[in-house]
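Take a look at the structure set out below.
Naming follows writing order (A, B, C and D), and every chain is counted from residue 1.
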Amino acid sequence: MNFPKYHGIIPPMVTPLRDRDALDVAGLERLIEHILAGGVHGLFILGTTGEGPSLSYRLRKELIERTCRQVNRRVPVLVGITDTAFQESLNVARWSADAGANALVVAPPYYLPEGQPELQEYLDHLVPELPLPLFLYNMPALTKVAMEPETVRRAMDEPRIIGLKDSSCSMIYLHRILALLPHRPDWPVLVGPEEMLADSVLAGAHGGVNGGANLFPKLYVKLFETARAGDLARVRELHALVMRVSEGLYRIGRHSSAIIKGIKGALALSGVCDDFMAEPFQRFRDPERARVRQILDELNPILNDL
Amino acid sequence: MNFPKYHGIIPPMVTPLRDRDALDVAGLERLIEHILAGGVHGLFILGTTGEGPSLSYRLRKELIERTCRQVNRRVPVLVGITDTAFQESLNVARWSADAGANALVVAPPYYLPEGQPELQEYLDHLVPELPLPLFLYNMPALTKVAMEPETVRRAMDEPRIIGLKDSSCSMIYLHRILALLPHRPDWPVLVGPEEMLADSVLAGAHGGVNGGANLFPKLYVKLFETARAGDLARVRELHALVMRVSEGLYRIGRHSSAIIKGIKGALALSGVCDDFMAEPFQRFRDPERARVRQILDELNPILNDL
Amino acid sequence: MNFPKYHGIIPPMVTPLRDRDALDVAGLERLIEHILAGGVHGLFILGTTGEGPSLSYRLRKELIERTCRQVNRRVPVLVGITDTAFQESLNVARWSADAGANALVVAPPYYLPEGQPELQEYLDHLVPELPLPLFLYNMPALTKVAMEPETVRRAMDEPRIIGLKDSSCSMIYLHRILALLPHRPDWPVLVGPEEMLADSVLAGAHGGVNGGANLFPKLYVKLFETARAGDLARVRELHALVMRVSEGLYRIGRHSSAIIKGIKGALALSGVCDDFMAEPFQRFRDPERARVRQILDELNPILNDL
Amino acid sequence: MNFPKYHGIIPPMVTPLRDRDALDVAGLERLIEHILAGGVHGLFILGTTGEGPSLSYRLRKELIERTCRQVNRRVPVLVGITDTAFQESLNVARWSADAGANALVVAPPYYLPEGQPELQEYLDHLVPELPLPLFLYNMPALTKVAMEPETVRRAMDEPRIIGLKDSSCSMIYLHRILALLPHRPDWPVLVGPEEMLADSVLAGAHGGVNGGANLFPKLYVKLFETARAGDLARVRELHALVMRVSEGLYRIGRHSSAIIKGIKGALALSGVCDDFMAEPFQRFRDPERARVRQILDELNPILNDL
């Protein structure tokens, strides 16, 4: 199977912060090196896990520039431009092109929900204004609006739209999209939730944009490669580890911010970067942090042996 | 009944645009004069009806400045600062204070949904940074998160939070909030959906932030005053007209953008301002516009006689 | 204003049980007398509050017969026939006619959700089979499907459909329905949630099917009459008491069964009937029961003075 | 891998009807033979696809008896007892035992939604009353309530609960359940949506309860066996055919009844049984039926060659 150019593990990088509007610059550099050392195939910044919508535009610009400089073309950098304001999406897109990023990623504008014809027209207007190729990002739980299969099918006819990241958590949706690939065989389909990485790659998807790869990039890269190779027994072993990360680290808090707090908390305890959270969220307090440490203590010996 | 300072009809002004990132300046001035001529008690800009989240920050700043200048303290100006990014809310807040606005309005950050404790902590952090007093804005259908009664109750203890705009469309929620008013008798509760204006004021609320008041400000002001005075027979007559506006103009399109498109379309046909819609939406095409004209032709003779 | 035949307070009676499949017969008789002594205008059995769907058909039949016998035509008896199985609805309808009930009430079949055309066709098929006139019951939170205004409008053309009970909790929906009444002026619209009783009657609705009238029938009857008479000051006083009942008794448990558990618990503590709950629910345990007693101790002195 | 006793393809049989309350007896016999000829591992009646909740109890009893007699122990028969009324579930359970069925299947009572502790207590009360072992059925889209992993974990400690059918359409949920299997290694997990059959079996699930197996039982049996054997290339080929069935036959109508209408319509056109639908649904009209025929004409040559 020939894989398209963008494939494999492209972690949705968390944004290391040391204060409300200040990057943790040293932490950012360490985090990028930590992730790249795991053999990932790209880096996605300013997504949901990256708290993109919570960051000031000034900080987004700084993050783009510093990330591109640090990555220095070792892997492709994808930048999220999802926004409720068209013009601000364009601004972020231009900063990304200027900084040397490789591609952009857009989910539907997420305040007032669009109908599919409105969403299609929006894409028709957006794409010609963009200086870089574009991934679609399906994230209905947060944007309220899905990229329905007919909208994706239509987007496949636009050469500057070059793939899809699906975070719908729906395997049925994913299969419906994969069934469209004969129309655009070079189109990568990447899956968001890491609990579905193995299933998706076995089913024909091309990789994952998985939050846990901030922490344990090697695990996700190995799982991707093993699934791509069709080694089912090994896939199940590695997938079981991904489930332990997910069940352990992502369910500590009660709210939807728990996943990001868990990843940032584990990165902080691992000495990689600060766990400061952008408003309206706050880093874990001591009891939750103790739980994170306990899970890391269980997982680290296993994952270091991979 | 003594009413608090902010009360009555405070229309959520649509934002007249002539292009994707350009105000319809002459239209804006006409629209403000049209609304103020109706006897309204304030003006709310950059809300949902104002397509606030869809506008570039540059344009938001220009809108705040031009609106404050044009209103020139004839009525209070309230500015929406709802944002997913804390720092951008602060920026808009500061521009508003500099331009002479009177108060700010904030709904929960609307990308990743917060739990109530997270929302409360967010408000604790936000309020001290703001240069103007703040209204809460309950809009769960679009922000995913409600300002639960316990969160509102807690906010009543903060003197710089000065009222609530409720767009939940839930009369039960409204009653639960009104039942809290003994804790803060000077606190205005204003209702968003105009179909509930009469009920709400009869029940003890203090006014409405009603989209239709962009078009027919006098109707809403009269309905408010009549309800405040308890003239039930006249309330029902005027309310029936509001229902005709709502049933006629707000249900032409199928999508949630239909209300704004309907108001802007009617304003354009009335010669007040352009009906250009900010992305990701588009103004009505001809068939829908013909329907708007037909409804205006039915309503104008009645409403001009008010 | 001439009111249609069915109007006023028609309590959705709880079903007194002494065991999983056994009526509390003495409790049922006391409950009916307690409610009728409050001056109510009808009685609705086998609704949501009556745990209708949770009862065996044998028990439903017994309840219908005993209730009709005990009421003995002092007020109209309405019987819920909502069911996922058409034939079982017909069975309950026939038992109701045989027992001397006056009307039937049906919400959409609630397993697989219908589209509106399917729902309309269902009503077309159901009505000719029924031996008694029919109320529609709009309860989208539990049936998943609303009786959309166009479906209600269509039903108004069917003489054997004689009114609507609306438990949507949406004042906007209620106004949309009231705006249709010129097509069928004799059609009563009754509101379910008691927190909206005052608003609804002031707006032109004809009464309420309010759970709290199991406990304090006089309060709801007085509020209805006061609202009908347009005495706004007194409406607000009585409505404030309804809100105290609702905030006090209906929010003790965390689950949606809390309202029924609260009403049954208060009836049991008042010596009216058993608080046994049909499966899958269980009566309150001691801590919740203590809370119910405390609220009754606060409310009883006030409500006995009405 | 040793598979538990219940595994493989256990089709959720549609219920052939010739009128509102009348079985298509000859069609039922043909349908059972058609399905069993495909090599399935069991038969599940009175589920969602079987329109269980829409059938009168009289008809349910007849269906159970006729099905058990016709199957005659060639494969296990599972009977759905999901009901809002506890006593009616018991009745169906007893008829099933008397008729010689092998196991029962229960989803949460689906009118008023339960909290998890309520659901757990319900199961505690239900199981001792049942004359046959029980499968749990997770179907949150229709019952409003999920069998949360902690509830499933707890059920694993009850020997008379012998497995789970999951129709959540969530691969993440399925993985969370599979991760619990070390607590009860003999517990089959069967997946409802056929679009997820391949993924689920590859991931460690034990089979599928797939609607399409009414029509093309051999396809689903082969896909199950191929996935169990880990033959990925062949899995993808067969899965692509399942997606063609799903995209073709299940999306003809707009409503949630479309899947059942599509299956019944195709069975009728194939001469197997009547396509009469239980109320509140109606069989496809001519335009939809023509579409079904067209899809059958495309699929039959391929599927007959399997």
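What we mean here is this: a contact is a pair of C-beta atoms (placed from the backbone, for glycine too) under 8 Å apart; a residue touches a chain by one contact, two chains touch by 3 or more.
Everything numeric here is computed off the predicted structure, so don't read it as measured data.
Spell out the chains that contact subunit B while also contacting subunit C.
Shared contacts of subunit B and subunit C: no chain.
Over half of the interface residue numbers used by both subunit A and subunit B, so same, or under half, so different?
Subunit A vs subunit B: same; shared/all numbers exceeds half.
As a test of understanding: of all chains, whose mean C-alpha position lies farthest from that of subunit D?
B
Between subunit A and subunit C, what's the gap in Å when you average each chain's C-alpha atoms?
Distance between chain centres, rounded to whole Å: 50 Å.
In whole angstrom, how far does the Cα centroid of subunit C sit from the Cα centroid of subunit D?
36
Going through subunit A residue by residue, note those that touch at least 2 other chains and give them in order.
none
Which pairs of chains touch each other in this structure?
A-B, A-D, B-C, C-D
So in the complex, which bits of subunit D are touching subunit A?
Subunit D reaches subunit A through residues 169-172, 175-176, 179, 193, 195-196, 198-199, 202-204, 230, 232, 236, 239-240, 243, 247.
For the complex, which residues does subunit D have touching subunit C?
20-21, 48, 53-59, 84-88, 108-115, 118-119, 121-122, 125-126, 142, 254-257, 260, 278-282
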